[in-house]
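The following blocks contain the structures, represented as structure tokens.
What follows is a pair of complexes built around subunit A, which joins subunit B in one and subunit C in the other.
Up next, the complex of A and B:
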């Protein structure tokens, strides 16, 4: 009965709550937004003018940004699309930022001060090639600044003023791999290799683009192809064995070459030699073993080693600080210290600058360095250096100090998990947190004033400030409502950050030493993050721990690293370099006595490994041996397979933590008509409150709630590309719902004339998915709800009264369920980048779908809009139940954007976490930016609002008690008088 | 109860002289010629008469009390009709008072009929009527509860909080790490 009352109450609340929006002054109270740019690829300083000093950067997240050199803040920023990779960045005419992107096919000019786009040119070409942006500093053609762009096999000369293509030269027919473009006053040299040994140079007229000359030189050996031009007219390249340095001189179009054995330059030449891509006048840097040789190329083509540096991290390009003075910076490591030195190219003995730096060890090595000079008051040159670190963070160093740093690794979050905060200790008193009683009282008086609407404008400002920087929000302890948590994110660089949900500050960050760039681990990437150990409620003094999985390269065969971290402190507890590969990690629903979760790691050789490697884990696994299954989706072959554990591995030595498995079932989709484009399963930690759905007429439908079901969307092979490449007749989507234990297809349906990309979310017994309808030329969203018909005849009320039903007894997937599915489709305005659903602690609160739109915002849609029971004219009873009349499209209410006015640039994922308070769900959305907020899909029915005035309540109570006392005294007195009369 | 006492008389007055008191411990002598024995005889028949009237009266009153909930019942029915069948504060309040009144009345049946307790008065009939009427009131309240849908008489009321059944098997997996 109580539940019915509660549910009815809930219904009333939710009826009045189709829109859940916030007021203007609530922005920033519960949400935070952080802007990042990603790992910097190119940087160009702009400090000449007296105005604001800035550095222009382009990054691996395809961001073009202008940063304040003083504080590192973003002046402006543009996030280009995911396919619009920035290849080059430069400044032209002193006022435009030029970017070349999309494989050398789009050239854009942005206004330097405010970042507005001035012009855009799309450059045509026929074949893929290296793209080169060359903004000559002194080349003029008809008083017009020329920009030379090589991309898609074509050389373009483009006017810097309006982006007009002045001339273009096609190299597609020449089969040359152009690697460099050099411009002199009248002639443009285009250099490259045909094959690996035929060096070619084309001479072009700079004004008209006419071919002047074509010279070529066939080297008697093959080269490595990494051609580096040395400003002037020389090139260096290594031969394919990396044992010889070849210097090519193209003076006046004549080509000649010299070669020299590396072993002549250095005694120990056993390691692999690499030419570093730093452009230095008359010099190049050769890295061999841990040494870097700076080699001067004389005019005659002779090679002279001018300097040898050990333990070098990075070199900058040359910077010309005056007419004939060129400097460059290099960074060296020496027992935990970083030496930054700036040297003159021609003068090796003295350092223009030598500084020792202390850089946080967790940032890893320095990967790139860009330098810039300024003139000190005493007319000497000072230098500032912009450093890109291994964890993708960006530092500006000046005078031996880190002036600012940006944690731009957070722009490439790959996985997110959460952890509770430590429990509040006895020792921490409230007064310490609230500063002092007076402050506390003052705050509440201000709030009271606000409530009674007698606050002055200054008071209002003070109230707002008080609300925004409430110390309660960012406390490092667990709160009663469960709003404060740690968001633990893994970035692509393999660094793990813990962010506080209160204000988004970084609590700790760690880069596991096994996931650093080293000889064994060339390209470390972070893959996934899992909750390893979540202490039980009774052992709150223990710290939870986290499992991080990283790999040393992009391929599946690369060695894998496991790292175990303490979630409170970020200390690495343990790390393992695995002997086997990792294709998949399956967290099992079993924990051992120390609450460590069992994980199965599947490698590519069909072995399964159990972690943690303890006898107890083996015991648990043996007990559940026959109940553990998993499935693998082979999207390329169009096959889904089911597997189960078979026995221990048969190696020379018996490894009892290693298992072989057998294939149980496979679903082979016809490759000529279907191609897997999306698979979605339920979240394993989702909590479902009830298995029954009550209809209007007190009837009951039983939801088919199974964690082992998988949603698969297949598209027609012809229509699996982009929208517009297929006609409606040859496009279709086939939707499957599959039981992953038995391989049974529970439901199948076809959407004709529709195509992907499909984004879907699976929760309880329903799945919502988004796709494109080619016939209607609109996006569409569909919902499928799955019900269990075999339970439907549980209708005898006496069975329930006496508890004689078997609805809650464990069920097996092999018990054949009769499943019925209901479905409905609606048009939807936006394209979608991600879909999520809110999750709450007990699963009672109604759900909202969170849709990451193409505009990088997050829209909350009530699940009731996606209810297959919607009809055109719902009856009165159905309306009371909350069924909304059917409409052909889903409404977009602008107040229900939970990101309000903000954008999460480059949105990639949304994560929802339940708070302890049933009504509230925490939402974290990540992309290039990070955004966090709390939402209450049915409003906060279980708590007072944040701006509830406790002072007013207190005051009212005090006043009432006082009134009570006074009236009591008065009545006593009156009674006495009465008696005396 | 008070009413009953007042009618009986002896307790309602401030003072009284009881002439029929014939106890021996008197300090004033009987007047001459006064025969106490004859008076006693006369007096006893008088008091018997009086007692009969009293018990008659008590029985009548007991029936009256027993019938009192009937009026209440009508009143309650009217109130319920006014309150309607939707669940809100007013209707819930009325329904609960309709349930509570009969229950509290039933609890105090004995007390209710105590003043009319008499060896000659048969109280069983009035008590039964009283209880029946109150049970009727209770039934009315329950019916109202049911009409408002607050009684768990449907399957839906029993299964709406049933947690999902546990699954024997566990299956995980998905795409390989790219």
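Up next, the complex of A and C:
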């Protein structure tokens, strides 16, 4: 009885707090938010005028941003759509930032100080082509500023003031591959190749776009097509064998060419020659082997090697610092140092600047460099250089020092795992000396003032400081509640970062040498990151380790690289370059005696490789040989297959760590009506607390809980594209729930008139998925819960007493239990980018769904809103149980945005990790920005909140004691009077 | 050049046609290419009455999203936005602005009637006669701290406890005084007979179920 009363009370309490929200002054207490931009592609400095100096950048994450040149902070930033790749960036009229994006079809102007979009212009064209943005710098003042854009096979002249298209010239019919546009005062030259040997130049009137002249020149050989223009009407190109340099001069409308063998310029010309795309006046840079030749093109078209540089990393474009002085920067490596030198184009012997830099080895090579000049107090020229590194970070170098750096690799996180921090050693005091009691009390009095809203503004500032300062948060040891962890993230550049969950600072970062650009590995990419070794409780002196899996190139056939890292220090323990490819990695639920987890790497040739390569691992695998199952999804063919290990590989050389596997089952979906668009399975490390669910009528439903369960969403082939391309009649979604050991379809259902994209999350015995309903033209979310019917008759207590239940019978996938599924659908307002569910240590706490909306926010929705048992009029008993009356759409309560007023720009994924404290789940969301917070779906029932007012408690106790004494004295006195009477 | 002027005239003509029809708004087939239409619209953020806690409305951070992320557009200072080359069909436009709740908008671009666009809010199925998107409500991301008041202390569990104690301490003796002395004596007798009341006897249900 008492238990029931207590439960009802608990339920009442939890019901009253469906929303877990925070106060405005709690921002930053448990959460942190970091803003990034990604790997910089273009950079333009804006330092001419007095005022704030800034650099404008566009990045590979489609970000356009304005950065503070002093500190590297973001003034403003815009994240364009995923298909809206930025092709060009420049400044026009001194006040607008011009970006060309979407393959040369969208031109936008942003206001320089605040980033407000001023105008947008859509450029039409019919043909895919190279897109070129050309903002002339030195036009006469009487002309309004023309912006020349070549995109989609058309040349457009656009007014810089309002984005109006003044004229356009279509080159689509000319079959010319335009590679460059040169503008002189009255004439515009459009140069390019027709085919690979016919060089063409079109002359246009700059004011009207009128076609003036067409010159062409047929070269007697084929060219490589990479045409570089040398400012001042010259072009260089290599022939298709890359053995000759061809110089083309188009002076006065006549075209003539010169050619020269590369072997005449350098003795050892065996390597492949490449023209570097740096624009230098009268010069070009040719890279051959490890040498870079700077070659001057004379007015007669002669080629003269003016300089030879070894071990060169990067060249900048030319920068004009005065009327006739052009400079450029080049970076060289020597030992562990980096030499940055700025040279005058016309004067080779002196360096305007020569600096030695020490750059952290973990940043890799310098990929790009942009320079800018400033005038020193003694009127000489100083230079600053912006460097883009191999790990995508951004550095500003001035006077031989790194002024600021940005870890922009973190804008492209591909995978996340976590690691515990080391245990605090006894006898070693890590914490600083405790504050004295007075300080402590003062802090709490301040907090009390804050809660009672009687704090003055100064007090509020002091409170906020006090809260954010709390040193506990960012300590480097494990805490009792498990809030402090290391988030280990792998970025696309292949760099691994460890972030502290307390405040998000980078604890260590490493770029493994196997994941760096090298001869064998041209374009390494990071793929996945796994926990390799998690020491058990009795071996806490060992450090956990991490497995990083990468690939030497974007294609599936590229070889695999593995790297093993120490999770505490970031040191590389071991690395392997493998001969085989990687299609999938399966962490097995077995560990060896040193707590190393067994992993199977499946390659594209249907082989499975076991790691670690130890005899003990083989032993364990042999023992569990028949218990290892996995599945593969071939989305293009519409097939899902189940696999199991068969035997060792049959090679010439016996490799006992290599296995072949057999297909157990396959499900072939009809390709004319279904196309696989999403598959989701359960997280392997999820903990389920209760197997049964008690209904309102004291009935028991057993959850169908299996690790080997897969959710598949198939769309109609016609409706597998974007919204707006299909009609409701030709669209449908077919949902399957499949057992991946037997290939049995547990449940199948169809949503008519619906289409993808489907985002889903699988947890315990339910799956929640989001899709688009074309009939209602709204987003919809559905829930399916799967229950095990075969155990349904276990609820009779007499069977338990007599031992006739089947609860102890082994659960096997071959057992074919009878399952039933319940489902319900609701409208949801927003489109979705990611869905995740909270996970807690023991799975007792109720669950919240975390929905990454299209507006880059994360919304928490109680799972009880997605319960198939919701009805329009729940009975009293159902209400008591916490069933919410059915509504057609899911409510969006703005306080339950866990990101509150922040945006995680370019949101791509959400990761939840259980804390040690059962009530709390840690949430990490990543995209271009990173965001971390901890949430308590049922409030923190097992601990006092951060906000708990100890002062109020103390005050109450003191008041109670005082009252006790007063009443005692009073009663004593009264007693005495009674006695005297 | 000639085709451009022609299509400009066509555009003006269509604009004229649809300025007559109140339930639709004008847009033009794209000059030079026939692959799509242009959707023009406007985001209008009115200043809500009491917005002391929310962020100031910044137009530069407003994004307009077509078909769940297929394309993203930004608004101009006057609130106008546009999507070019949109094929005929039914589309979805969402507005992402921190601090405001916008309903997604269903946009029908007619293929038969080139230039005709119909829009309706999907949340409340209200049609839009003009393509002006306004937030349905402002969003409040934070709980508001209740200002300090005596009532909140009184209402809190501790306050209630204190209140009850005060009643017992000060009011009970008063009540006792007003009681009949004989009745009082009888009550005291009863108390003595029963002995000290235990917690178990106070909770009848608990005693049994334990």
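Keep in mind that, in the parts below, the second predicted complex is superposed on the first by the 890 of 981 C-alpha atoms of A that agree within 3 Å, B and C clash if a C-alpha of one lies under 4 Å from a C-alpha of the other, contacts with A are read in each partner's own complex, and residues count from 1 in each chain.
Here is the rule we use: contacts are C-beta pairs under 8 Å (C-beta built on N, C-alpha and C of every residue); 3 or more make two chains touch, one makes a residue touch a chain.
This is a predicted model, so every value here is computed, not measured.
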{"item": "Contacts of A:872 with subunit B and subunit C, given as first, second, both or neither", "value": "neither"}
{"item": "First, second, both or neither for A:76, with subunit B first and subunit C second", "value": "second"}
{"item": "Touching partner for A:650 - first (subunit B), second (subunit C), both, neither", "value": "neither"}
{"item": "Subunit B versus subunit C as contact partner of A:903, first or second or both or neither", "value": "second"}
{"item": "Subunit B versus subunit C as contact partner of A:115, first or second or both or neither", "value": "second"}
{"item": "First (subunit B), second (subunit C), both or neither touched by A:528", "value": "first"}
{"item": "Which of subunit B and subunit C A:423 touches, first, second, both or neither", "value": "neither"}
{"item": "Those residues of subunit A which subunit B touches in one complex and subunit C touches in the other", "value": "1, 3"}
{"item": "Parts of subunit C lying in touch with subunit A, wherever the complex brings them together", "value": "4, 30-33, 38, 53-55, 59-60, 63, 65-77, 82, 84-87, 89-92, 94, 96-99, 101, 103-104, 106, 122-123, 139-148, 158, 162, 165, 169, 203, 205-206, 208-210"}
{"item": "Contacting residues of subunit A [partner subunit B, same complex]", "value": "1, 3-5, 7-8, 527-528, 551, 556, 582-584, 586-589, 600, 624, 627-633, 635, 642-643, 679, 681, 684, 688-692, 694-695, 698-700, 702-703, 705-708, 740-741, 794-797, 800-801, 807-814"}
{"item": "Partner subunit A, residues of subunit B touching it in the complex", "value": "87, 149-177"}
{"item": "For the subunit A and subunit C complex, residues of the former touching the latter", "value": "1-3, 21-25, 27, 76, 78, 80-84, 105-106, 108, 114-120, 122, 124-126, 168, 170, 451-454, 722-725, 727, 757, 772, 774, 776-779, 829-831, 833, 854-857, 892, 894-895, 897, 900-901, 903, 952, 956, 959-960, 963, 967"}
